[in-house]
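Once you scroll down, you'll see the structures, which are given as structure tokens.
The two complexes that follow have chain A in common; it is paired with chain B in the first and with chain C in the second.
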Partner chain A sequence: MTDVLMAILVAGFTSGALYALATVGLSLVWGSMGMLNMAHAAMLTLGGYVAFTVITSLGLPIALGFAGAILAGAAAGAILYFAIVRNLLKNDKSTFEANVMIATVGVGIALENAILLTYGGQPLKQPVSIAGVLRIGPLTLPWQNLLIIAVVVVMMVAVSLALGRTRMGRAIRATAQNRDAAQLMGVAVNRVYLQVLMLSGALAGICGVMVSSMTQLSPPLGNDPMLKAFIMCVVAGLGNLPGAVAAALGLALLESFVQYALGARWGFPSLLFVVIAVLIWRPSGLFGRAEIRRM
Partner chain B sequence: MMSATARPPVLHLEAIVSGYDGLDVLKGVSLTVHAGDFVTVVGPNGHGKSTLLKTISGLVPLRGGQISIEGQSLSGKPHETAMLGVAHVPQGDMLFAQMSVLENLLMGAYLAPDKAEIKRRLDEVYTLLPKLADRRNQIASTLSGGERRMVGIGRGLMMGGRILLIDEPSLGLAPLIIDQVYDVISQLSKAGRTILLVEENPARVEDLADHLHLLDDGAIVWSGKPAELMVRDELLATYLGG
Partner chain C sequence: MTDTRSMSLPTMSRSSMFRLARTDLAITLLLIAVAIALPFIVDSRYILGQIVLALFYATIASQWNLLFGFSGIFSLAQMAIFAFGGYATAMICFYFGWNVWAALVPGALGAVLFSLVVGLACLRLTGVYVALLTLAIAQAMYLLIVTDTECFVMVGSVCRQFTGGAVGFARFGDLGTRALLKTHWLVGNYAIISVLFAITMLFTYVIVKSPIGLAFRALKDNPGYAVARGVNRFQAQLLVFGISAFFTGLAGGFYAAHFQAIGPGVLSMSQLMFIIAIVVVGGVGTFWGPLVGTVVLVLADELMRESGEFRTLGLGLIIALSVVLMPKGLVGRFGDLVGWLTRRRAEPGDSKPTDSRIVQSPPPTGK
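This part shows the complex of A and B:
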């Protein structure tokens, strides 16, 4: 029984770590810009394929595969800003949220199809993997899961330090909390938006590497984590980063337990049940404020 | 003390027009604030006082006329206006609600050149507003109205700008707290700060302001010394309800 429980916990924490990475990127963009980035899934997929290309096709070390995924995600975020977001911000602010959501749906479809055209639809094996297990007494912990959890913890600490301790992070948080006041302090909010999209893209890129290392690379790779990340964002309260991490871990553990107890097909419905319940009883999310910022 | 005309103008507005959607709120306002001046704009609610400050700082777009800081025209972008030394303490404080008092103050020094300068400004603010030092780690949303106003003023001071724009500092506060807020503003003025303040009640600034402008329906209808306005019963009755 202990083995089973441990297996569920390890699976839950691994999924939770991956969801947290996807959720934080999505939540960061929503919290600071009021923008639901529907291209986040495709940016995640892009990261996975870029790492694959760097490691397999170019024959470079795995560390450079990670770096490539981060750079590709950040570059995708920058392109998204310059091609779409900057132009939409020049228009009527009241229509920004709807317009940018529709526009990023289009960007996501285009990027996913570009990946399909380039790499084909056949699933590919992501070379970022560690075989074997770590045994501690009766416990058996796969190295691959530990790698994922370690990478995500490092990324979360880095994001937390960047947002909490740096001038850029303070500007991002200030813009999220009061855009006009941030501008009065001298913050160039358009530059902040660019930074946020690049940071979110970098997180999506590395998340893509980690997700594909557990499954396989395929063009719709990012869709499932993105959907679950969105559920977790809503449960936590859109824009709440610590809440997003807590919701990701909590819901991933719930999903793992439900899959074990009731069968794999009940995992996703259980998440939907939670999000519906939260929307009924706490529409602003478990950790969200009743008032949310608008552009 | 030099006369106002002998001192260089810090802020100059020339026939500025601005407003919201299709409506012009300011209809050709001109005024000048010289270095070290304490200038106040008084007027009834809804006649453009806050819009005036928001137009200067760039939050409301300028539709006509010109605004210059020490002879340099403003771009209309708020962050570039802040870079030119305009520190705006807005109505309702507009604090960063989830940040601590210290983080709010540090955001005021966002454009400060180095850490030594930030520390110097922080020491200055804590000397003037010692309560902020006691509350430095408290989250802004948990402060009282008076404390929030003090943080707003402190954050404006942290900007270290050429001119401080203060929007209705008495709004929504108890009389005792209003006295404390104006005591701080008075100290700033005596220390030589250049201040443009908007206020509904001219009696509040009677003993403080060097110059006073009466704003009605988006236009300046009277300018002079505060004491001169206080004896013009017809103006007080017509524009400020007596």
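This part shows the complex of A and C:
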């Protein structure tokens, strides 16, 4: 019994850590820019494939694979900003939310398909994996899961330090709180947007490496974690980072319990029911504040 | 063909009650003429089949446009509702042995019921929250259908799942055109689907121009002000959700009947994206936008079919670029062009701008 419980908890915490990383990337962009990045899934996939290319095809060490994934994700974020977001921001503000969502859907499809055309559809093995288990008394913990949790914790700490302690982070938080006021105080809002998209892209790149190390590399790799990250963002209240992490862990644990108890196919639908129930009770999410609209 | 004519005539007389603009009337007449002429011009079965498919796309897109473009509800459950209508029709025929024609309206009503349940869950929210939740519901529906492996009935020695599983339903009946028209059955189906499209557009026009349509638009343009003026946001949005679900579900039923099959493929992300691309390219919130978008994107899709694997890539780039380059779509850009010409014309003389607008507006959907 403890074995089963342990397995469920390990699976839940691992996927929770991955979802948290995906959720933070999404939530960061939403919170500071009011932009829902539908291309996030494709950026996840891109990170995974770049790491694969660097490590397997070029034969470079694993650390460089991670660096490659981070750089590729950040570059994708920068391209997204210069090609799409900057142009859409020029238009009417009220249409930005929907337009940027549709445009990033297009970018996501194009990027996923470009990856499919480059690497082919057959699943590839991500070389970033460690075999074996750690035994502590009666407990067995696979090293792979521990690695993922460790990487995610490091990334979380790095993000919270970047947001909390640096000048860039202050500018990002100021823009998230009030874009106009931040601009009036001399914050270069456009540069903040670029930084946020690059940061989120870098997180997506790392997340893609970690997700693919659990399963396999395939072009639709990012879609499943992103869909779940979406509903976790929604439960937490879009834009709330600590809330997003908490929601990701909680829902991932719930998912792995349901998958054990009712079978894998009920995992996602049960998450959805929880989300809908939460939203009927609190329409702007568990930790979200009700938005006050001025006319 | 007589079907198309007799069903389309009331289109005009009814719409005229709602002060049909002369441009719209001209476009309608031209479209009816084109619709009647098409089967005489096109003798390729493949092309006529693609035109029927395009009519389905245009119908679904017009309903998504009613939701998003006119009412501001960013629902991504459009294909789920379409699939629900198709599945409901197919399942009624499959399990109860009904005639397809009898099952169409119950199927569409089933889709309305489904949409109301979705709406009750989602429409308390706004903006992207609605989009994310509806997307999640559509995805959950897809997963539940594809992973359905439990035996529900045995057909011969083959086990059938309740939802048809990954295979879906086939051979549950057709529209009866094969028995009636023999080799020309496709023309018959074309006429039926044209009428479906015409009726859908007519109702959409009436709704958009009616007081309730104004309420939908007000909620989109300025929710706060609309609510302050006494529009009940939740009720009105639930209403438009249900209305669009009826026609979407009906189209789903006809789709299942036309292809004599329905499977989980219609729920795939790429189908939804194609519908969104149609509306975005044509022009969000314009009445003729979905039709223009369908013509352009189906043509582009056919051209890209030559280059095979680059189709999806091209589609994604078209979506992204058209949002960036023409936020109001082709119809919006066309309107800009007309406005520019009008202003240029108005400068030397003092002719009324409205006159030149009518002269200057050949229907964008002419081909």
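Going forward, the second predicted complex is superposed on the first by the 291 of 295 C-alpha atoms of A that agree within 3 Å, B and C clash if a C-alpha of one lies under 4 Å from a C-alpha of the other, contacts with A are read in each partner's own complex, and residues count from 1 in each chain.
Methods note: a contact is a pair of C-beta atoms (placed from the backbone, for glycine too) under 8 Å apart; a residue touches a chain by one contact, two chains touch by 3 or more.
Keep in mind that what you see is a predicted model, and the values were worked out from it rather than measured.
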Touched partner set for A:167, first chain B, second chain C, both or neither: first
Contacts of A:185 with chain B and chain C, given as first, second, both or neither: first
Which of chain B and chain C A:287 touches, first, second, both or neither: neither
Partner chain(s) touched by A:177 [first = chain B, second = chain C, both, neither]: first
Contacts of A:231 with chain B and chain C, given as first, second, both or neither: second
Which superposed partner A:114 touches (first chain B, second chain C, both, neither): second
Residue contacts with chain A in the superposition, chain B compared against chain C: C
Partner chain in contact with A:260 - chain B first, chain C second, else both or neither: neither
Shared contact residues on chain A - chain B and chain C: none
Residue ranges of chain B in contact with chain A within the complex: 57-59, 77-79, 82-83, 88, 90, 94-99, 103, 106-108, 110-111, 155, 159
Complex interface listing, chain A residues touching chain B: 167, 170-171, 173-174, 177-178, 180-189
Chain A-touching residues of chain C, taken from the complex the two chains share: 68, 74, 121-122, 124-125, 127-129, 131-133, 135-137, 139-140, 143-144, 147-148, 222-225, 269-270, 273, 276-277, 280, 309-310, 312-313, 315-321, 323-324, 327
Touching residues (chain side chain A, partner chain C) in the complex: 30, 36, 83-84, 87-88, 91-92, 95, 97-114, 117, 223, 227, 230-231, 233-234, 238, 264-265, 268-269, 272, 275-276, 279-280, 283-284, 293, 295
